[in-house]
Amino acid sequence: MIKGRVAGKVWSSRRIETVPTGALLEVDIGRDSRLVAFDPLGCATGELVLIAQGSVAAGYFDGRTVPVDALIIASIDEQSSKDA
Amino acid sequence: MIKGRVAGKVWSSRRIETVPTGALLEVDIGRDSRLVAFDPLGCATGELVLIAQGSVAAGYFDGRTVPVDALIIASIDEQSSKDA
Amino acid sequence: MIKGRVAGKVWSSRRIETVPTGALLEVDIGRDSRLVAFDPLGCATGELVLIAQGSVAAGYFDGRTVPVDALIIASIDEQSSKDA
Amino acid sequence: MIKGRVAGKVWSSRRIETVPTGALLEVDIGRDSRLVAFDPLGCATGELVLIAQGSVAAGYFDGRTVPVDALIIASIDEQSSKDA
Amino acid sequence: MIKGRVAGKVWSSRRIETVPTGALLEVDIGRDSRLVAFDPLGCATGELVLIAQGSVAAGYFDGRTVPVDALIIASIDEQSSKDA
């Protein structure tokens, strides 16, 4: 998985029907790179999150075949993670 | 998923038979990189799109085994995404 | 998928038995990178080709479990693609 | 697989329910890159570990569908590996 | 697939039980990058090999669920490949 900071929301004007309803967030993953992940947790801009990528991300949707290759799986507790 | 801007269409002179019929678009994904994605939405050159990669892209084709590892899943509403 | 130009053929002195018989071509994919792809189309050195990567590449082999993660799926018509 | 050195533990304040219980470790994989892997071995900060990525990482969880794309699969014996 | 040159053997002090027995080799894949691959062919340090990555690598192990994402699938005949 990778860590990243939520940079904003992505709105689509058109989408294929198998894209699940829900928030698509743009996440800054460092080294001048961003990706877009499906967010089941309702994260806010600026939040530090953990992202799973690839087919395991699509596995979250209960057997439905969805074109999702990045999923926010956790919001990171920055303070505790720093002291770890 | 990743964001990218459609740069043009790719035409093949020969292809293996399992490549689904439909548009193959070249997309600029930033940092001097491009990829080619299958386009089910009929996007135009210059359009900002969202791309899913890997085996989840092939999942779009209703159980058929197709050699597609990148799929345009949405056209991005640039204005709304900017204000998000 | 990604575009690349065929740079030559790869010959193996030894291989595991599940590698399918057929040509393995080295392809220049730009930015100082090369990969090796299975070629079902009989492409020549210098040809511009389209490559699918990951488990979708192995799907081409009719249910056999093969260790192929890159497959040439089309030869690109350079002229038409330029004018697109 | 890739080698990396454990840099610390990641704690989440919120997570989706399919994330398995257990340690999530941040691992330095060189070239200014880090990833977060599930750790079934109880590794310590500073330990050199081997990481498997992608859907094979999720396979470790006995058929459960978990959003894990990186798994620590071994702790590396640095001395023996150096002399190899 | 990618080409790489065997750099040495990796020994583990601890590993999860689903890691198959057999050699784990560190391979230099160019551009200052290395990976670790399972070696079914008994390759030697300095040998030029071909590596398949991702879930197709795990497919080699006859239906067993193993956390292997890189597999040496061939030893490359350098002379013939040069003349190709």
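Observations on the model:
In this document, chain identifiers A, B, C, D and E correspond to the written order of the chains, with residue numbering beginning at 1 in each.
Here, contacts are C-beta pairs under 8 Å (C-beta built on N, C-alpha and C of every residue); 3 or more make two chains touch, one makes a residue touch a chain.
No experiment lies behind these values; they were computed from the predicted model shown.
Touching chain C and chain D together: E. Rounded to a whole number, the gap between the C-alpha centres of chain A and chain E is 31 angstrom. Separating the CA-averaged centres of chain C and chain E is a span of 19 Å. Annotation for chain B: residues 54-55, 57 touch two or more other chains.
Here the chains link up into one ring; start at chain C, go to chain E, and the full order comes out as C, E, D, A, B. Within the complex formed with chain E, the chain C residues making contact are 8-16, 18-19, 24, 26, 32-37, 45, 54-55, 57-58, 65-70. Those residues of chain E whose C-beta lies close enough to touch chain C in the complex are 1-3, 31, 40-41, 50, 52-57, 59-60, 71, 73-77, 80-81, 84.
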